[in-house]
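Chain naming follows the written order as A, B, C and D, and within any one chain the residues start at number 1.
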C-alpha cells in the first residue's frame, strides 16, 4: 500500500485518546516536544495530574465511558518520581487493575502505560504516534458508548 | 450560573498560524456559563494583562480560562493578574494550546489545531466550573537551624546562618568538630595547611554566641515539617562535666590505658580518656566507655583523682533532648573505602600499603610522625613510593562505579609533599585519567610532574605483594604498552570516597532520598543542588557526592542562604495544593498513612464532650503535604481529595472529552 | 556417606596417586568416593566463547550422567572441577544454551547438581577440626607451600570455593594436618598450563616463578590440586635456581594420606623423582 | 605506525562477529591496563591484553590475527578476575582463536608435538592443547 493510500484508509477513523500524565515528567516532556516543534498525531487530549499516583483507575473507565477509544497513562520513570514513590504506587495499582479492566471487557491493547521523562520529547512523539496507529487499527470502542447518555454540552463541533 | 471568561491567546503567530483563535472564541461563547470570550495577540504582554483585568471587572467574571502557552510558563502570571482583579487566583485555569497543540500540529488549514484547541478549552472550562476558592497556606517558622555534621561544610553553614542572626545547633557524632578536613596536612592547590585554615573557623564556631555545639551527639528522631521541626538528639555520655572541665589535659596525661586512635587511623595510640586531636573543639575529653576499666569493672579511676575541677563523672548517662528547629542542614560527610577491600593490593595485610588519608596524617606536622614520612612497619624513610589512584573508584565490579573526584588532586599533592620531605625519593603514580578540572588544578598537577619529579604511569596496578622485604607493585603503563614492576618501600592507595555507613539511617530519619551509592539526592541536580524533596531539609558537602573543600564550603554557604531566606519572615506561604480529609466518611483504615511518601498524615482522635475518644480520623498535615495525591487513590472510602485536582474537577474534564 | 566422584582422564592414568590417596583418605575421615559408572572426558577446558555449544556438551553429558547417581558430584582435578562447575552454572542459568545442549545430548539436564571439590567436602562436610582429630601422624615440621593455580579459584563468581585473591582453604587443611603452611605471593599465579605442549619457554618461566616464590618464602614442599600444575612445576625443576631445585611437588591428598596414616608405598611418592620421600625422611616422617 | 580510521572498520561485521562469539562488549574496556599488568604471559605477547582490546576498538583485526597474543593466552582469567569493567580479554582472545580454528586452520600440527611429551604429560594438557591449537 502506498503511503498516501495508508493515510486515506486510516484517516477515515480518527480515534479519541485520553492521556493522564503527571505534571513533572510527562507533561513537561510533552511541552518539550512543543518547544522543539516536533509533530505528532493530534488525537490525544491530555489531563494533567500532579503525579501518576493520583490517577484513580476509575478515571480510565470514565474516559472510555465518555467516548475514548484508547487511554494512555504516563509518568516519571521508576526512581525519578517528583514525589519519590508516587509512580511506584501507580505501577502497583496498574498491575492489580489490569485484570479488572480486562474483566470489564475493555481490550487491554486500548490502554497504554509508559514512562516519559521531561527530556524525552522524542519518546513522547513516538508514543503518541504508535498508540494512535494501534488504536486506529483496532477501530472505535463502542462497548461503553451506550452507557454515556445525557452527556452535557458535548462535542457538537465534531 | 457561573460567569466564565475565556481568553484565547494568538501568541503572535505561534498559535494563530495553526489555530483559528477567533473561531475558538466565537464557538466557546456558546457554551453554558461562558459570558465573555476574546482572542488577543499577546495575552502575557502588559496591555494584554490590562485588558484581561478590565474584562474580569467589567463582566463580573468569577472564573477564567486562558487558552495559551503551557501553564509551566504563565500560570502564575495570569493567576496573579486575576487576583489583582479581585478574583481568587485558583479560579483561573490555563488550557495549553501552544506547546501541546499549535506547535505540534502543523496543519496549515488550521482545521486540526482549531478542533483540538476547542476540546482543550472546553475541558478546561468544565474543570474550572468545579474549582473552589483556595487560599495559600501560611505556616509559622521557628528561626533556629540544626546542622548535622561538624565538618567544614557544616561549620561554614552554621557560621553563615549565625552571622545572619539566627541560632544554630551543630550536632557532631565525634568528640570534636572538624570532620575529615581536620585530618589533612596541606590542601591543594594552594598548599595552605589544613589546620591553619580550619582551626580558626572551628574556634569561631565555638565562640559564636548564636552557635551551640553538641559534640559526641547524634540525631535520633525528626518530627514536624518545614519551619517546625522537632528533633530529638542523643547526647552520648562523655563522663566529663563540660561546664567545669578546663581542658587542662591532666587526665589524659595520666590515664594509663591506650587504644588505637580513630583520628590517626590506627597510626598511633590515644588514651582511653582523650580528645581526638590536640586542636579539638571543644577541648573537652571523653571517656571511651568500651575500654575504661573504671566503667567496665570499677578499677582505676585515676583521671578523676588528678582532675583539678573534679569534672569526671563516671555516673553520667546518655541524654535525650528534644528541640525545635525551622530548618535542618545535613552535612554528614564521607567515609573512605576500607583498604581490606583490595585483595590484590595486599588486603590491608601489608603494613606499608596505606591509604591516602593515612598518608595525610604522616605528612601532617601534627600527625604521629610530626610530619616526617616514615613507614608504619619500621619507621624508615621510604625511598620509592607508589601511589595507586582509583583504588575502588571507577571499578564497577568490586568498588564503586563513580569517580571519587578528589584523588587525582590529592595524589599530586602527596607526591609534592613527599618530594619536599624526602628529597632523594622517587614517587610513582599509577592513574587512569588525570582529572584536574578546577581553578589552577591542572597547573598543580603539572607542577607535581615537572618540578617535583613524580613519575606518572598511565595504567592500573594489578597486584601488590611482598618479596625480600620490598613491596612489589606490578602494573601496566598503557602508553608504552608494557608491564611495569616497581620495587617500592611504601604504597599509598587513593581509596574511593564513599557515603557514610550511617547514610541510609540518617536519610530515613529525615525522610530524604539517596541514590544507588547512598549519597543523598538533591531536589534537582542542577537547579536545586542543596535542597531535598523534604522542604526545609538542606544538603551540604560530601554527603551529596564526592567534592573538594572549596565546593563543600560553597555548599555550606549556599544552604545558609536558603535557610536565611526561609527565616526572613515569621510565616511562610505555600501553594494550597494539599490533600483534605472528609471527616464524615473517613473510616480510619490508615491506607493513606501507609501510602503517603511524606509522613504527612496523622492519626487524630475525635473526642466527645466528656473527653472520651469516639473515633479516629486521618488528618493531613498541610505543612508536610506536597500534594502528590497518592493518598486520594489509596483511600477506599473516597474520603480524601486533593485540592486543585479534585475528583470532581477531573471527572468534569473527562465528561466533556 | 557416599559421594559420587568424577575422576577424569588424568587421575585415571598419570595421576593415579592423586586418585588413590584421596580415596583412602576419604575413607579415613568418613566418606566414600564412588566412581561414576560411566563418564567421559570433560574437555579439559571450559569453552571461553559462549557460542561454543560443542565444548559444553561433553561436560554436560558428564553432569547429566552424574545426576542419576546423586545430587552432588565431587572432583579432585582443578580443571575438571572448573569445567564441570562452570558448565553446570550455564545449564542452570542460561535457558537458551541449556536448550541447545539438551537437544544435542537428547537429554533433559537442568543444572541441579551440586559440584564440590574434594577440599570443600573436607572443609564444609567433615570440617577441619574433625580432620585434625583424625590425624594419626601429624606433619610436624613440614613447611608446605599451597599452590592453587588458576582453575581452582577463577572466575570467582562461577567457582567461589574461596577468596580468589587470598585463598586459605589449603593452608587451613595443612594446619589441621599439623604442617606449617607457607604463604607465598605466586600461589594464585598461572603455571603455564597447556602451553607445555608448544611453548616450553613460557611454562619454564611461569612455573619457575611459582617454585622460586614458594621456596623464597621458606616452603620446602609444594602442594597442588592439579595434575597439570604438578607436571609443569615438576618439569621445570632443572631450570630453576639451585636453592629451589629439587623441591618436591605433591598432591595435597598425598600429604593428607600420610597424616592419616596411610601406607607410604601406596601414596606414590616415588612418582615425584623420589624427592618427596627424601624430604619426608629428613623430617623424620618416614 | 599510522592508523587510518573509518567507520566501516570500527563497526565491521568481523568485529560484531568477535563480540558475538566471545560474548564481550569491546567498548566496555576503558583501557585502564589492569589486564596487561596482571597477565602472566603479557611479556610474551606481540600485542599485550590491553592493546588487544584497543586494537579491536579501532577495528584493527588484521594486526591481531598476525600477532601471537591469542596463541600465548593460557586462559588463566587473571585479566577478567581483576578487570574493573568485567571484560574478559581471555574470552576475546578465544574468540579470535576460534575465528582461525573454525575455518579448519590448525595452529599446531599433532605430528610436531614431541613424543616424550605426549607420553608423559597429563592427558588434560594434551586434550586442552588440542582444543586450543587444533581445528
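In this text, a contact is a pair of C-beta atoms (placed from the backbone, for glycine too) under 8 Å apart; a residue touches a chain by one contact, two chains touch by 3 or more.
All figures in this text were calculated on a predicted structure; none of them were measured in a lab.
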Lowest number of touching-chain links that must be crossed from chain A to chain C: 2
Chains touching both chain A and chain D: B
Contact-richer chain pair (by C-beta pairs counted) among B-D and C-D: C-D
Chain separated most widely from chain A, comparing mean CA positions: C
Chain B and chain D: spacing of chain centres that average the CA atoms, whole Å: 47
Inter-chain centre distance, chain C versus chain D - centres from mean C-alpha coordinates, in Å: 26
Computed distance of Cα centres, chain C from chain B, in Å: 53
Whole-Å gap between the CA centroids of chain A and chain B: 36
Residue list for chain B, restricted to those that touch at least two other chains: 344
Sites on chain D at which at least two other chains make contact: 78
Where chain A touches two or more other chains, by residue: none
All pairs of touching chains, each written as two labels joined by a dash: A-B, B-C, B-D, C-D
Chain B to chain C touching residues, read off their complex: 343-344, 347, 349, 465-468, 472
Residues of chain C touching chain D in the complex: 8-10, 13-15, 41, 43-45, 47-52, 55, 77, 79-80, 150, 154-156, 164, 189-190, 192-199, 201-202, 206, 227-228, 230-231
Partner chain B, residues of chain A touching it in the complex: 16, 18, 27-28, 30-35, 37-40, 42, 45-51, 53-57, 59, 62-63, 66-68, 82-86, 89, 93, 125, 151-155, 157-158
Residues of chain C defined as touching chain B within the complex: 163-166, 185, 213, 216
Touching residues (chain side chain B, partner chain A) in the complex: 27, 31-32, 70-72, 96, 98-101, 103-107, 112-113, 115-116, 118-120, 123, 126, 513, 533, 577, 595, 597-598, 626-630, 632-634, 642, 645, 647, 650-651, 653-657
